[in-house]
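Structures are listed in the sections that come next.
Heads up, the next two complexes both have chain A, just with different partners, chain B and then chain C.
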Partner chain A sequence: MTKAALSYRHTHRFGIAASAVLLMLAAILVPLPAQAYTPRAHTLQINARAFAFEPGSLSVRRGDTVTLVLEATDTVHGLYVDGYDVNLVAEPGKSATATFVADKEGKFKFRCSVACGALHPFMIGELNVEPNLPFVRALLLTLVGGIGALAFFWK
Partner chain B sequence: MKREWFALGIVALLVIVFPASLFGYQAWRTNSSDARVIDVIASSPENGGWSPDEIRVNVGEHVRLRIAAPDVVHGFEIPALDVRVDEILPGHVQEVEFVATRAGRFPFACTRWCSVNHWRMRGVIWVSDPAQPALPAPTFAPPLYQQLRIDIDAMHPAQNIPPRKPSAARGAQLNLRVDADFRTQSPDAVFAKLRADAAYDAYDDQQLWDAIAFAYFQNVGAENIANGARRYARDCAACHGERGDGQGPAGKDLPGLTTMHPDMPRGPANFTDASAMLGASDALLQGKILRGGMGTGMPEWGSLYTDADLWSVVAFLRTFTFDDPPAP
Partner chain C sequence: MNSPRFELTRIPLFKRVVTSRWVPWLFMALTLPIFLLAILTGLFGTPAGSRNFGIIFVWIVWWALVILVMVPFAGRLWCAICPIPAPGEWLQRRALIQPRAGGKLFTLGWKWSPRLNNIWLQNISFLAVALFSAVILTTPFVSALVLLAFAALALGVSLLFERRVFCRYLCPVGGFIGLYAQLAPVEVRVKDAALCRTHTDKTCYRGSDDGYGCPWMVFPAALDKNTYCGLCSECLKTCPLDNMGVFLRVPGKDLQTTKGRRLDEAYKAFIMLTCALAYSIVLLGPWAALKETAYAVGAPAWFVYAIIFLAANLAIVPGIFLACAWLTRKISLHKFSLRRTFTEYAYVLAPLGLAAWAAFSLSFVLINFSYAWQVLSDPFGWGWDLFGTANWTWTPYFAGLQSFLQIPILLAGLIAAIGMALRTAHTQGVPSRAALPIVAFCAAFTMVLLWLYV
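The block that comes next holds the complex of A and B.
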């Protein structure tokens, strides 16, 4: 292999690495086009029993005002949402209500906050605040990184 | 060599000093007070309920109960001795101290909805007087519904139904005097008596109902209604529903529903049903709460509630058919 070929290959690889890093930065930082959307108010009824939430998955859009109504059917259950300041405790005949604005997008787990039996740690549901930009960005990041790595190590 | 001793010291600290201080502290706490410590485990009835479910103490004895709940949230109450713990969380030991001042046999119960069989979670505390070993004879008067010979298992539909839901606020503006014994007479009977009286001819049906609602609430008082509301939320709402419509989550799958008499409305009573509620006197409602049963598996509250508590729950039940109860 000649020196010139080596040097060419070197710069070539540098170019690939640099453009991949730039694209990855772009995937993290570039503001995605905001769609025109008027936030709505939701009242979501959640039924808690051993050891599940029904429905176990909620979907709202960013900016929506969410009112959670937690109803327990067998014993004392709680609900707290990771990432939001919401903590409810309900028992049969005493439902609990909390209202908050879903201002952070992404997927958030909600869990039972009161020990309710053997499988209590597995009593989990999820709140999906769309558009799930962190997910889109992470997907782009992985794709660009993967393709970049592939191009970088090709041959 | 020095480091070896140092390491040995750490091991000794972990293995001997730390556990010794923990247990020593517990022993010191137990022995330094004159209280008798009784450990109680609260589990759901299907896991054994109270353990022990019989507690024996003496009059004047200083008792400390240490209550632990291994499965779910429970509560503890000895109504007769005014001892209560609202929340026993799994993983926490709740302590409550009391001195029993009178001898007797008193029930205690769980106050938080811990399973479908929550209401079965009861126990008994015997308070004996060493100077007087025989328990005092219980003073017993038959409840009002028995004295009046009311059949609390039969339907008592109202003959007159108000055009609109009666309102105490509208009734207050009428300045109408209603003299009636609401304990023994149903609102329907009171209405029929007023309607038959020529002195009330100037008022229409709705106005008479409003006046009855106002008079009823004046009679029972705001404090009783507030006490009833607290008890209803704690003990009744799980089956009868927060809005009194009989649609509570725990009442949907009761063991007795399949064997209920076909002529009776099924499931927990609906307190927003004007016909059933206005046709029932307070004595009848009190009897139902006191005895329970009804074929649905409703618990009996006579052993846990005082007479005043029972009447206050009845007073609160009226707020589902009469609007604008007085604020406490």
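The block that comes next holds the complex of A and C.
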């Protein structure tokens, strides 16, 4: 390959890399369209037993007011919601309640916060606050990054 | 292929450290008591995993150290300080620190079968541990028995065979560390290959008064990938020409060439990728029935789980990849056999797999790390409070930020995999578009993980 061709290739690749980085930044920062929505209030009952939450998945929309009612059916269990810093502890026969506004969208794991036995570290559920824009952005980022990498390494 | 590298052993202090006989011994002398404590606490401590030193320090602290720090940044560094082979190696050497004359080893001197000169046994041993992982990771007694079995096997094998046969061919951890060590930015290599050709004694392999022949049964002068280099630095000690060095290099350099790619190593990549996905679904997903089934070893439902788990690892995921390789081969106008195409492209999964494991590990390591402070003070769960931290409350670290750490890690893995897939096509002399089916496989896998985590 001649020196000129090599220089062109390097410039070309730099252009691809710079464009990909810019598009990735756009995927992270550009506001995504949101539907008009009137927030509601939800009371969600969760039964905890070793080593399961029932239901394991909860769905609300951003802006909703969520009241979680935790019932422990066998032993003491906790419920900690990642990202919301909500922590409940319930004894059998004594429910625990917490109310918060779901003001961050995305998928948030909730997990037992009181050691309850062997599978305790994996006693996990999910709170989905829709629309899941972090996932949409992650997909966009992956697509842009993937296509950028293809263009960068393509010969 | 020449790529830039910097010789770390040109730094006098660094060289003194890596060529010291004391340093590896000191690290092993530190890790061995911790390992023994993990076994003792598993056997005699509380059955509550989150209160037991054995579970927390092996599967949270050690695991985080290995998969998030050591392997990505230093390859097989863990293997250089691992306590499991230490007693066997000391017995083989009949010495703790200074070498025996001529680097002589005391064993029955059995030779490892050439038919087993591959990592199939490591693939099987890893799968066996992975299949029972819901129990092993959470039940201190079982975890301790597994560690004890590793230690006993390593010791027994070292008495029969020469050098580190356990590490090279049997250790379930060593197999995947070797695969991912190829991505590390560190390597032990010869400085000048021509100089080695003039040196007929080959003390780096045979040993000398200064040290032992390569414990990993690798000929250091011909070393061209990290997979089987345990970073023990014996070759630096035994080379009379000072022709071995530790180098900083371009990460993933070993994977820039398709030379020497093998089906056993390819399958290691599939097993690791599939296990990362399976664990993310079973252990971290919201489906309690799956966790309970994985834990209920011996129950009828568990056998169904075991069949699906093994089929996913050995047939389903490799089968999907085989279909991609078939398409790749078709686009390449059948330049190579399907087996060769399948095997050579499977190495593309190394960065993808390491990223998947790092993302998976972040989800439970950060959340559960605070248990380490409790078990430090009360390793057996007997009510001790040695350092005043036994009653520190469980505190999930960076609980809301996990997915923001996982996304860039998975993306980096995908970009590296795409780069490797295209490079493989170029190395094979086929057009870039031949790699597209493999790229699609990698992208789809990344998106599935994103769906699970984000």
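Methods note: the second predicted complex is superposed on the first by the 145 of 155 C-alpha atoms of A that agree within 3 Å, B and C clash if a C-alpha of one lies under 4 Å from a C-alpha of the other, contacts with A are read in each partner's own complex, and residues count from 1 in each chain.
One rule holds in what follows: contacts are C-beta pairs under 8 Å (C-beta built on N, C-alpha and C of every residue); 3 or more make two chains touch, one makes a residue touch a chain.
Computed from a prediction, not measured in an experiment: that's the story for all the values here.
Superposition of the two structures on chain A shows chain C fitting alongside chain B with no clash. By the touch criterion defined above, A:E71 lies against chain B but remains apart from chain C after alignment on the C-alpha atoms of chain A. Of the two partner chains placed by the overlay, only chain C lies in contact with A:G56; chain B stays clear of it.
In the superposition on chain A, contact is made by A:P134 with chain C only, not with chain B. Taking chain A as the reference, the larger set of touched residues comes from C, when chain B and chain C are compared.
When the two structures are aligned on the shared chain, A:A115 is found in touch with chain B and with chain C.
In the superposed model, A:E91 lies in contact with chain B only, and not with chain C. The minimum CA-CA separation between chain B and chain C in the overlaid arrangement is 5 Å, rounded to the whole angstrom.
Common to the chain B and chain C contact sets on chain A are residues 115, 117-118. Chain A meets chain B in the complex at residues 47, 71-76, 91-95, 114-118. On the chain C side of its complex with chain A, the touching residues are 47-51, 134-135, 138-139, 283-289, 291-292, 295, 363-364, 367-368, 394, 396, 399-400, 402-403, 407, 410-411, 414-415, 418-419, 422-423, 426, 431-432, 439, 443, 446-447, 450-451, 453-454. Residues of chain B touching chain A in their complex: 44, 71-73, 89-91, 112-116, 118, 233, 236-242, 248-250. Chain A meets chain C in the complex at residues 51-54, 56-57, 80, 82-85, 104, 106-109, 111, 113, 115, 117-126, 132, 134-135, 138-139, 141-143, 145-146, 148-150, 152-155.
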